[in-house]
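Several structures are given next for inspection.
Below are two complexes that have subunit A in common, paired first with subunit B and then with subunit C.
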Partner chain A sequence: MLKTIKVAIVGQPNVGKSSLINAISNAKLHVGNFSGVTVEKKEVFLKTDLYDIDMTDLPGIYSLNAYTPEEQVAKNFLINEDFDIILNVVDANTLSRNLIFSLQLMDMHKKMILVVNMVDEIESKGGKIDKDALESLLGIPVILTSAKEHKGVDEISTQIIKLKKEDKKANKIYYDERVEQRIEKLAKTLQKSPHFRDDDYARFIAIRLLDRDEQVYKIIHDLPIFIEVHSMLEKMYKNLELEFDEDSTTDILSNERAAIAYNLQMEALNLKDEDEGMSEKIDNILIHPILGLPIFLFFMWALFQLTFELGNIPMNFIGEMFTQTQNFLADFLPKGMFNSLLTDGVLPAVGAVVMFLPNILILFFGLNLLEQTGYMSRAAYLMDGFMKRFGLQGKAFVPLVSGFGCTVPAYMAARTLKNPKDRIITMLVLGFMSCGARLPIYVLIIAAFFANHNPGNVLFAIYIGGAILGLIVAKILRTVLFKGEPEPFVMEMPPYRFPSSKALFMDLWIKTKMFLKKAGTFIAFASMIVWFLSAYPKNDMITQNFQTKIEQAKSSKAKAALKNELNAKLLENSYLGSVGKFIEPVFAPLGFDWRMSVSVVAGLAAKEVVVSTMGTLYAVGGESGASKGLISKIRENVDFKAAVALLLIIMIYSPCLAAMSTFYAEIPQWAWRVFYTIYPNVVAWIFAYSAYKIL
Partner chain B sequence: MKKISDLKINDTAIVKKIVALEPVKGRLQSMGLVKGAKVKVLEHTLAKQTWDIISGNTKIALREEEARGVLIDRINENA
Partner chain C sequence: MKLSELEKGQRAIVESVDLEDDIKKRFSSMGLSRGIILRVCRRTFGSDSLHVKLDCSSCIALSKKEAKHIEVTPIGGGFGFCHRKGGGYKKDCCEFGC
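Let's look at the complex of A and B:
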């Protein structure tokens, strides 16, 4: 049995922690969730001759005074979990700011390794980091790494094992004498309680208390020593604030750490003050007061054009492949129920959905690219003034744009909004940002009715229309339901970086896998149900009736017409027909037939199912069940006004089941959940009805 | 005392004090905006609603409301 070393990987956001982890050789990566929350938890397992190393990558955290829910997760882990070593990753470019946090971590007095990442960027500017100076000043091991050039990365595991074996404690950070006196006194008092017998732990808690850490304050709140500690603290706060002439002891400690960190950087970093960096030069154009916004809108427009135009090329190929397979299997397999289930039910449905994989991948690729290059935060900067007018803030732009990819991660991205009001408004209008899964429906309807009107522009109008509606609704929600200023806006703008192609393609690969899995399981299953409902109960009376008519028919044209009529009659009398008839009154004012009604309702399960259901309903018994055939079938069966109404319903109504359950998981209040479940559908119906009447 | 929101593009200044409520104050500090830190205004939007500043190699975007909370002394090199 090998011994396990538990390591917590901690660092501020944008220090390149992910690429560093990806670069560790022979490591096994496991992606999951932190228990109870939907914050991504990455674990890295590494086997060596003597030890198993189990590293947990904590979410990026700026300081122990946690701010966002992600930071809270990281802090809770640091305070409550059991681990052996802290692996603190810092960015060489912003060393002194990162070290402020490192100093907070060192207060914990745990074994700690400082990883200075992205040294290649310093070196390329002719600078140098003095590793020995940092090591001797901080008293902890330092590793210089460059994930990009794979430098120093494999030193990490060696250093972890070496440190584990050592029986030496980490260094303490000594603050100003006046602060130290208080820390010591407070720690002594804390040690009266059995919870804080350990010297190091008592010192850490004392420092956190002086730092006015509310979470730590709650820990002592329920202990018998609370009264003594509390009155002591109050006195210390008052006296220290007087002595240092500061508003809060937090500021005193923060200034202390900043001064130490600054001096550390002066000693360890050898780099002349640069003039204007590359990032500033790019920013001069990209966030230019006048040019910035048009450039941004152009990027968005280009992304949607690419999604449509480029995605179309493999689309036809994939569609053709499915049709061929279907035809082949229909002839090859013995006739009967299984044959029909596979070639009329499952294959057309799955095929109709898989066809859109290229579109979805291009869109996701573009969004990832914006994120990883650092442009997404510029977009937030550019958009803030505009978003503020709608009662939202610039940062809400990121979840909203992610909503164009998939609503599920977008709901999670809304967690970066700390103010609950901002968050809930953003989440309530997020559904209006058309997700990737709705794309197939748009493409289908556009291809059927707008083929001659530059489809790319129509698609762009749909997406923009949804976004504008979302903003208007946000403004209404803000004025009617919430009053008060939106949450403060303070955001780091990381330097522009070339995205790592490994990370980009890794992410696309995971998306592809997830999408195909969904198509292969959930959608295949849903389409089986739809097929069953549409094929049963068997109605022999009708079939026989038509059979004789078909035999008697003279021309082949008449025969085909009768066959179609038979299929329609059979469908109408199936279970699905009954369901459609039942809900038809709701959709009748919109000009929907029962097949459209069923498809729209099925879309509540997953938007992909809308197209696959239409595929089954309109193509059953037809010559070809593939989407190309579906386009002409829809053109024949649906009138233009109803098609526009359908587009509007799809744009506005509730997102899929997965998204809805994510919303429920994120928002515990029942009132919001109920409101969220009902209002988009009402809005959707009103819009669709108006469009149908006006057109 | 002057605030960041009083500065012009390319102005440089030294941070004197942060006047903001927690957690905004803590966030500003953890991004390096502490007493004595040097800041430079890189950009602001047309209506001066959003500001882009740099301090110790960290670029920070903040709203006018927060920029008003960062008190500074101007050390204008570009005047």
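Let's look at the complex of A and C:
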């Protein structure tokens, strides 16, 4: 058995941690969740001759004074989990700020490696980082890396193994003499308790207590030494604050660390005067006080245009491919139940969904690009004032826009909001940001009913309409249910960086794989159920009835018409028909027939199922299979008013099961879960009904 | 003078951050704390939010509401003066471009 070295990868946001991990050669990446929470947990496994290295990538965290729920996850891991080495990744461009956090980590007095990333950016400016100086000052190994140029990345594993063997811990950080005295005294007292026998741990806890770390305070709160520590702490707070003339001991410690970090940077970073950077020039245009917002809207508009126009090109081809396969298999396979299941049930349904893969990929690619270049945080800055008017703050804008891609990660992204009220409002309205999976339905309806308008514009209007509705609902929620101010807005604006094409491509590839897998499994399975429910029970009475009529019919045209009528009758008398009839009263005021009603309800499982169900239900009555035929089928069977009502329902009603369960996992209060489950559907119905009546 | 009143492009040193403990810690971990030098790069339309460049390195965005509680003293432009804890100011440690 090989020994395992456990490594925690820690760093502030925007230091390029994930691209660094992607760059490590021969590593196996595993993506999961931190236990109990929906924060993504990336683990990297590396096999070497002597050791297995197991690295856990923690969410970006600015300091041990964790602020957002997401940072809390990283902090909990650092404090509670067992690991051998801290791999601290810092950005060479913002060295001193990053080092402040590194100093906090060094207080833990664990084995630690400092990875200074993005040195290429410093070097391209003619600067240099003095690795030896950092190493000797901090007493820990330092690696200079550039994930982009693949420099130094493979040194990481060698260094980890070397450090594991060595018995050398990081240097102690010595604070001001007056602070040190208190730390020592406090640590001695803590050591009276069996929990803090270890010297290093006692010192770390003492520093955290002086830093007014509430979480650590809670740890000692339940211990017998609490009373002694508490009274000692109160005295220390008071005296230190007086001695240093500061409001809080936290300030004293942060000033100390800032000064040390600053001096470290002075010693280690050799950088000539910075001229006006590229980012500055781009910002002058992109976040211009007046032009900024229109530019943002233009980007979004262009994205939806591309999504529709570019995505349409391969669409016919894919649709045609599925129809061909379907026809081929229908003739090739022996007639019977299996043939029908495959060619009437699964293939049209899966085909109807896969057709939209290009559209979805374009949308994801665009959103990804906006996020990774650093533009999204600019957009948040631009929108902050606007969002405040709706009771939200600029940072909430990021999860809202990523909701256009997929609601599930967007719910998770809401973890970057600290204030619970802000978070819950954001999550409650996130469903109004139409996700990528709703796109196929929109494209289908637009192609069927709005073909002579510019389809990209209609699509843009739908998405913007959803967003505006979301903001209005947010305002209502803020005034009625969640009174109070949104949390203060402060956000880092990283320099513009163009993500590597490899990373972008990998992302798209993963999306494609996941989408096809979903279409091949979940959607195929759902369509099998839909097919079964629509094909059974067999009603021989009706069939025989029509069979004689068909034989008697004279023209082939009349025969075809009768055949269609037969199929429609059969469908109506199937299990699915009964279900449809049962729920029809709910949807009848919106002008939906039972097939639409069933499709909409099925969409609660996953939005793709709406189209695939329509594909099955409307295809059974016709000759041509799914895909292109579906558009004309829908045009024939659905009137314009009902189509608009359908669009509104899809826009507003509950997101898919996966998204709903994410919401439940994130929000523990039952009252909000129930509210969340009901209210979008009520709103959706009211909107759809009004539209149907008014039009 | 408050950060919210600082002219665009004017360099200033932060004297105090008069905000609640939580948000104050947040600002300091993002690099905005007493003694650092900053410059306002731009404001949004209606001055709701500020884009601020901090000490030689990172940029942050914050809203006017918080900026009203950050006390700053403008310092001479042109030269790169950076504050050094305990050692007064040091000339030419870096220049920022806004």
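Note that in this section the second predicted complex is superposed on the first by the 694 of 695 C-alpha atoms of A that agree within 3 Å, B and C clash if a C-alpha of one lies under 4 Å from a C-alpha of the other, contacts with A are read in each partner's own complex, and residues count from 1 in each chain.
What we mean here is this: a contact is a pair of C-beta atoms (placed from the backbone, for glycine too) under 8 Å apart; a residue touches a chain by one contact, two chains touch by 3 or more.
Since the model is a prediction, treat every value here as computed from it, not as a measurement.
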| item | value |
| --- | --- |
| Partners on subunit A (subunit B, subunit C) - clash or fit | clash |
| First, second, both or neither for A:Y381, with subunit B first and subunit C second | both |
| Subunit B versus subunit C as contact partner of A:N637, first or second or both or neither | neither |
| Subunit B versus subunit C as contact partner of A:T512, first or second or both or neither | neither |
| Touching partner for A:N171 - first (subunit B), second (subunit C), both, neither | neither |
| Partner chain(s) touched by A:N419 [first = subunit B, second = subunit C, both, neither] | neither |
| Subunit B and subunit C contact sites that coincide on subunit A, given as residue numbers | 62-63, 65, 67, 93-94, 96-97, 100-101, 250-251, 254-255, 258-259, 262, 279-280, 283, 287-290, 292, 377, 380-382, 384-385, 388, 394, 418, 488-495 |
| Contact footprint of subunit A on subunit B as seen in their complex | 18, 20, 22-32, 34-37, 42-47, 49-50, 52, 54, 56-63, 65-66 |
| Of subunit C, residues touching subunit A in the complex | 19, 21-31, 33-36, 41-46, 48-49, 51, 54-63, 65-66, 80, 84-86, 92-98 |
| Sites on subunit A touched by subunit B in the complex | 12, 62-63, 65, 67, 93-94, 96-97, 100-101, 250-251, 254-255, 258-259, 262, 279-280, 283-284, 287-290, 292, 377, 380-382, 384-385, 388, 394, 418, 485, 488-495 |
| Subunit C-touching residues of subunit A, taken from the complex the two chains share | 62-63, 65, 67, 93-97, 100-101, 212, 248, 250-251, 254-255, 258-259, 262-263, 266, 271, 273-277, 279-280, 283, 287-290, 292-293, 377, 380-382, 384-386, 388, 393-394, 418, 488-495 |
